[in-house]
């Protein structure tokens, strides 16, 4: 198989700080886990009159750069629903990076991972590093199917993932996998980000039901 | 026929929120339904001194990006006619996205769909997800003919569309279609956006007649 | 072997001022030492309302330019942890240059060197010119492995380096080298920049333990 493309798979072998979430990539050489990292790039000024911004690095292609901008809008709207008074994402000047810097990456399938990283940073709430996710996100938070479910599942298990979150429309792709791949991993299927939110931030998911249905 | 290019056809199988409208695309592989999504990307400040803006994503070509800007101007002018005191579109910082993020899209034929999505967001009024439309829009609101009427009609029916809105100048293209394609769908032909407005927002269409003729 | 690619190896044979740090490159012609230079490009105004910036030169490729931006964010976050009241990096307009200007350079492996140069400038603290380092840095300060350990080690020794800092994940690459290369050089392996900080700024490393663990 040769040298693995992403040696960053072991990057957060200890713990992931708030703002860092594991995603899954699908390359010509198979699946790979990767980390989306987000961090403040200036001290936060919540009473600033100017709006926040994101800087993007990681040798990303145009589709993945757009995916960062879509995820930025999605995470701001979700935070408005979950924590009306939390203006972190509106005001923060943040940096989104996807190591390794020399490996070109593209595609929309890290959408849910980028949304999760931004929300994790805004909520100052770490996500366990044995949780991984993949899925394109639409502007209203819908989770759309992606390719490479088999390769990504294998990569997730290799990285020690115990909880895997996949798009609902990829349910069949997953159930078609051989038993030995599907076993020993807890898989969730979601078709809207609000469902994913409940899985990774269970203690924060206290919205009134009316808001929940509005978001779908 | 192979894998459908737009798997996002089933994206809003439930309901579409305000700001989301179904359009129709014509690709080398046939017709396809797609959704234009619009949403606020910052909390709305109606008393702000600075004007609003749009951010555009979805792997759009230059013509379609310009179509977004044309539709932005058209929708602002229409809103001024219909709801003089509604300054949403003048002040809002919005995001327009057309899933899926990895599928390149171009052309002016989503013009009426983008105008409708922006108005739906500004009026906070959802459009049923069994309504689809296609048509280029001119800066004054004229609706201009587009290609692929046959393929788009087939795609609309496949997506469960009951009401199809087409440019008046495409009437002949539609009437030339075989009966089995034309049946079971309610089709409207429009040559100005004001006619389209009456169809999708019937309860909001209370302009004085003089304004109506002015707009045509 | 031909003309050495980097004649700037002897550039700082005397002393390096604050803001200048020796890195190691790996070219088709073998390893080479190089210097990352940083300096103010405008008088510092700490009470300015506008944020600082970096200008980048040195015939750098896109990955290395991104590496400068990543290192900029990393160094700002580290300075916030080590010297809460030091706003140098938030406000300074700096210039990052990597001589020689005509030699193309690329890759992410100067990450730790650029972070060190920016911190050295911000802390006004010179780093001895017999210290060299190589390693990619992630947005949260993780140090990631790089290629060319053998060639870089030889180049470091040729440049008179006594202290060499390498990524932890390159430990095996180094220990596989023949004895005569490994001798007469003091090598440190780090997997987070905070460890590197302790080595090059030992007298400044007075953070409370709780902050240290937070950063890992």
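Some observations on this one:
So that you can tell them apart, the chains are marked A, B and C in the order they are listed, and the count of residues begins at 1 in each.
Criterion: a contact is a pair of C-beta atoms (placed from the backbone, for glycine too) under 8 Å apart; a residue touches a chain by one contact, two chains touch by 3 or more.
These numbers were taken from a predicted model, which means no experiment stands behind them.
Touch-path distance (fewest steps) from chain B to chain C is 2.
Think of chain A turning onto chain C: fitted on CA atoms, that turn is 60 degrees, to the nearest 5.
Closest to the middle of the protein, by Cα centroid, lies chain A.
Under half of the residue numbers at the chain A-chain B interface are used by both copies of the sequence.
Chain C has its Cα centroid 52 Å from the Cα centroid of chain B. Note on chain placement: the centre of chain A and the centre of chain B lie 30 Å apart, centres being C-alpha means. Shared interface positions of chain C, i.e. residues touching 2 or more other chains, are not present. Residue ranges on chain C touching chain A, taken from their complex, read 51, 62-63, 66-67, 69-70, 72-73, 76-77, 80, 90, 107-108, 111, 136, 138-140, 142, 144-145, 169, 214, 216. For chain B in complex with chain A, the touching residues are 7-8, 10-12, 14-15, 17, 19-20, 35, 37-43, 55, 57-59, 93, 95, 97, 99-102.
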